[in-house]
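What follows is a set of structures to go through.
Both of the next two complexes hold chain A, though its partner changes from chain B to chain C.
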Partner chain A sequence: MAITQQSPRPERVFWTGNEAVAWAAVAAGAEIMCGYPITPQNEIMHTWVRLAHQYGLDFLQTEDELSAGFATLGGVLAGKVAFTATAGPGTVLMQEPLSMAEMMRLPVVVVVCQRGGPSTGTVIYSQQEVMLACFGGNGEGLRVVYAPATHQELYDYTIKAFRVAWKYRFPTIVLSDGYQAKMREALTVYRVEDQVRGEAYVGRPGVPGVARPPAHLRNTYNLEEELYDLLANYTTAFQEIQPRVGEWQEEDWQGAELLVVAHGVVTRAARAAVRELRGEGYPVGYFRPVTLRPFPAEVLRRWASLGGTMLVVESAAGQLRRLVAEALAGYGFRLEGLLRPGVGITPEEIVAVARGLLAAN
Partner chain B sequence: MPRSWATENKPHRFCPGCGHPLALKALGEAVDDLDIQGRVIFGCDIGCSLLAWDFFNLDSVQTHHGRTIPVMVGMKRARPGLICVAYMGDGGGYAIGAQHLVSAALRHEQITVLLANNSIYAMTGGQMAPTTLPGQKTETTPFGRDPEKTGRPTRGPEMARLLGGEGVYAARGTVANVRQLKNYVKKALRHQMEGRGFSFVEALSTCPTNWRTGAAETWEWVEKKMPAEFPLGEFGGDAPDGRASRPESVLREGGGEG
Partner chain C sequence: MSNVKMVLAGEGGQGVQTVGEVLAEAAYNAGLEAMYLPNFGVEQRGGVSLAYVQVGEEPITAPKFRFADVVVALSHRSVARSARYVNDHTTLVYDSSGEEIDGGAVGQARRILGLPAVQVAREELSPRVFNMVILGAVWALAPAMPLQEVKRAVESHLGYKFAVQPELRELNFRAITRGRELVAARFGG
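So, the complex of A and B:
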């Protein structure tokens, strides 16, 4: 099929988002997946198992997500390109391995298919795992988080996530959701010529202490200052990747009296709403952070310095809004939200709220 | 219908042919026979067991996947007069919550665990469970479970008894013999009520939906195939004073295979 050796040409397919992610992982060069069943992530695992059989790759079903995450890190330490996928309460358990990855600068890809929370919530859909994805661990949130909005983007950004993780050595999250996971959509798949290659942290050639220094890897430090220096280093490195890794999309932000901001699958509705309102002559613009972390604040700051009203639209009770408010602290603008935790949002709903705000302006 | 069932919530939500309601029938009848409806707290896991959250006229708590044992342990320690029952699947008990099962058995926690072994992760759509039989096809073992790669099926009651020695009552029944299963559950509840330690009953169960089996094949599977891998019976029998057991005696007694 699409990614095999025989077919160099891009190919049009009609897949679920979960299938797109599993195929993208193969295309990117992933060698091992470790996972624990959870809806709506399961079909990433199911597809990967079959692809792994076909391409001689590996799969391990673990006893829980702690184990899935840590086994993935073990694979990474041994030099393999490894990844895992999870959702909801599993994303909570995944925080412990993720924080070790942050501390030890281990590249790892975690695909998160958001479902309704808190607790077991629903297995259906939400955008409530933004804070978990960005800042879930004990630490500073040194992670890259991509929020794709279409199946093409799921494919493209899953591949990119592997590249970025292995290039900059920060754990990288692909933040999907139950709608994207389960829905079918057309996309173009392609081979990747320069696949990601793992590099062994342990077990390299040569006798340790004789032919080479031994690898002594740790995540624990004795002194406050040691930790402080290390983290100063890490946070600087994270800030440095911001201009290269941060990504966004916008339409007509300049002169927009009302800027609609959304991420992930909700951007589809947000964009449609903005187009409709602009068609009617309203001064409305659209902004979408593609990376939720690092957060691409530059364009937003330029817009905010001119003032206006911002409408944050999300299937959560204000998680994206918090990221925006933090990035734009001190700027004078009006911050509003269309916040629908755990349910989908239609263009009509956005148009109605936007009209109200425009009328009040 | 057992008196302790909540009639207004019937018919229940399990699929036709599912083993869960039969295991819950054994539990309901055991509660009736012992006349303890006013003292039992029913905890259920995430997995198809969650469908039982309003199944009984018992105070009931639905918890997280794999975490029903610690929730019931905490409850029991807080109110020793309650009779705490944790109900879960094989994934919840033997995979994500295995450490809780191990620790509860080692500490002789005074709760009763009833675990439905349907050899699969049912609620999530049919992946391999720790109990999946060698060669069994699931969504994550589409070519059949290979014990070389994924180990052999977990034997829970044997393990619990081995770990906890005489402080543990452990048995394996089947939904194909509800009367025997009920007797095991009654003994387990008595073990708890008499303060003798941890009690654990596994029920071999069915999942025609994820096994993708018709009626005849489903019963063939639970009556013949599963007991060949998971022997029925009690492991270690009644103990006069479970709390007195020491690690040495645990080793000496081994897992006593029935």
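So, the complex of A and C:
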């Protein structure tokens, strides 16, 4: 395969998204996956286990997602490039380890394959884990969240997630979904020259306090002011990475009377709908946050300052819409939603709703 | 020519996912744009299992679509479940070996194609290759792709079974050819 030492050339493949994620983790330099099975994430684990045998990497199946998350953090503390993957109720359980990673500024990558909720919901698909991914823990949501839309992006952004996590020391989430996890399409896979390397937080050589500073790793603080000062630093650090980490895509936003906004796999339908309407001469634009956290608000603010109608399209009852509304609070524009929690959205549906809004303008 | 969109629906265990996956992979092998999206619940068997397949020369946008060019529904429940994808452009394929389908549910279809796939599999081949007869039929209704690419895709999915029982290879390939013939017989070519 392309990303191994034996075959350095990029290669075209026809894979599921879960296969793409597992291979991307290997390409990025991941050394261990800790996980607990849950649909639609399982094939990430299955593929990783197969590859782990092949490349001398490690895998630990834990008793639940809490353990999977904490074992992943243990791996990171020991200096390993570690990651986990989960979905639905598993993403809920993953919040405690994610929150600890935020507190201790541990780099960790979590791949989330959204399924229908609440609770067991469906094993199929949704975009209902946006709030969980961005703000699920007790704390301030100091996480980077990528929302890829194609298998190529799943591969590219999984690699990027490792780089970003280990560079900025914020937990980083690749927000996939049941469709992307299980569908097959073509992508190009490639080897990565500068793989991520871990560095041990604990068990380093030398006498602590003599040969090296002691490792002082805390997730508990005694004084409220102590915690406040720490979090002030963290939130500032998170705001500072925004211009470097925040990513988006747009088409024709300038002059758009109707701006269609979507994230993840739904952007594929949104973009197709906008292109169709544009082709018919309608003043329609498209915007897509690639990072849901930090949320890339700049272009949206420029558009919103001109006024117009925004149509947020998502397979949830308004989670992306909430992020948009917060980012654009105080701007005078009309905010509409095509909100279909737990089901896929087609270009045809978006075209129909957009036509209705344009006619009403 | 715009892409061909297909919905394959059957009872869990009937093999529609294999049909969808193999067809999409064959199309990819043949240099076409291809996407396969499975859709089913938590059941291991039973329940209606859907596969969405898109094949053609245009880049594929969304994984789901409103109406299908081809709907293959292999059980009564599957007809009901997939009727929402039928419009006046749709070719509806069903297995005609059993009861006739409820025409009211699919009245809009451009054409309805009953194929005796179960009967042909049982009498001429083996009931086990029923889904390969269906694969042959959807291959006939998809954009042109060479038989060798279909065989290669079958090999990549079922090769492990052929390794144990080599005679299954020919049986499966014959089933695919028969499925294609069933469609050709109905459309005179």
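The rule is short, and it goes like this: the second predicted complex is superposed on the first by the 359 of 361 C-alpha atoms of A that agree within 3 Å, B and C clash if a C-alpha of one lies under 4 Å from a C-alpha of the other, contacts with A are read in each partner's own complex, and residues count from 1 in each chain.
The definition used in the following text is that contacts are C-beta pairs under 8 Å (C-beta built on N, C-alpha and C of every residue); 3 or more make two chains touch, one makes a residue touch a chain.
Bear in mind that the values here come from a model prediction, so they are computed numbers and not experimental data.
*Asks:* Clash or fit: what happens to chain B and chain C when chain A is overlaid?
*Replies:* Fit: chain B and chain C sit side by side once superposed on chain A.
*Asks:* Once chain A of both complexes is superposed, is A:255 in touch with chain B (first), chain C (second), both, or neither?
*Replies:* It touches nothing on chain B or chain C.
*Asks:* After the superposition on A, what does A:184 contact: first (chain B), second (chain C), both or neither?
*Replies:* Touch status of A:184: second partner only.
*Asks:* Which of the two partners, first being chain B and second being chain C, lies in contact with A:118: first, second, both, or neither?
*Replies:* So A:118 meets neither chain B nor chain C here.
*Asks:* One more residue to check, A:272. First (chain B), second (chain C), both or neither?
*Replies:* The second partner, chain C, only.
*Asks:* I'd like to know which partner A:50 touches here: chain B for first, chain C for second, both or neither.
*Replies:* First partner only, chain B.
*Asks:* Chain B or chain C: which reaches more residues on chain A?
*Replies:* C
*Asks:* Which partner does A:346 contact after superposing on A: first (chain B), second (chain C), both, neither?
*Replies:* second
*Asks:* Using C-alpha centres only, what angle sits at chain A with arms pointing to chain B and chain C? Round to the nearest 10 degrees.
*Replies:* 70
*Asks:* Check whether A:63 is in contact with chain B, with chain C, with both or with neither, and answer first, second, both or neither.
*Replies:* So A:63 only meets chain B here.
*Asks:* Between chain B and chain C, once the two complexes are placed on the common chain, what is the minimum CA to CA distance in Å?
*Replies:* Across the overlay, chain B reaches chain C at a minimum of 6 Å between C-alpha atoms.
*Asks:* Could you tell me which stretches of chain A are touched by chain B in one complex and by chain C in the other?
*Replies:* Common interface on chain A, chain B vs chain C: 39.
*Asks:* Which of the residues in chain B end up touching chain A in this complex?
*Replies:* 46, 50, 64-66, 91, 94-96, 98, 121, 124-125, 127-128, 130, 139-143, 150
*Asks:* Help me check something: in the complex, which residues belonging to chain A touch chain C?
*Replies:* 14, 39, 122-125, 179, 182-186, 265-266, 268-269, 271-272, 344-349
*Asks:* Okay, in this complex, where on chain C does chain A touch?
*Replies:* Those residues of chain C that touch chain A are 21, 24-25, 28-29, 33-42, 60-67.
*Asks:* Which bits of chain A are touching chain B when the two form their complex?
*Replies:* Counting only chain A, the residues touching chain B are 36-39, 42, 45-46, 49-50, 53, 59, 61-65, 89, 119-120.
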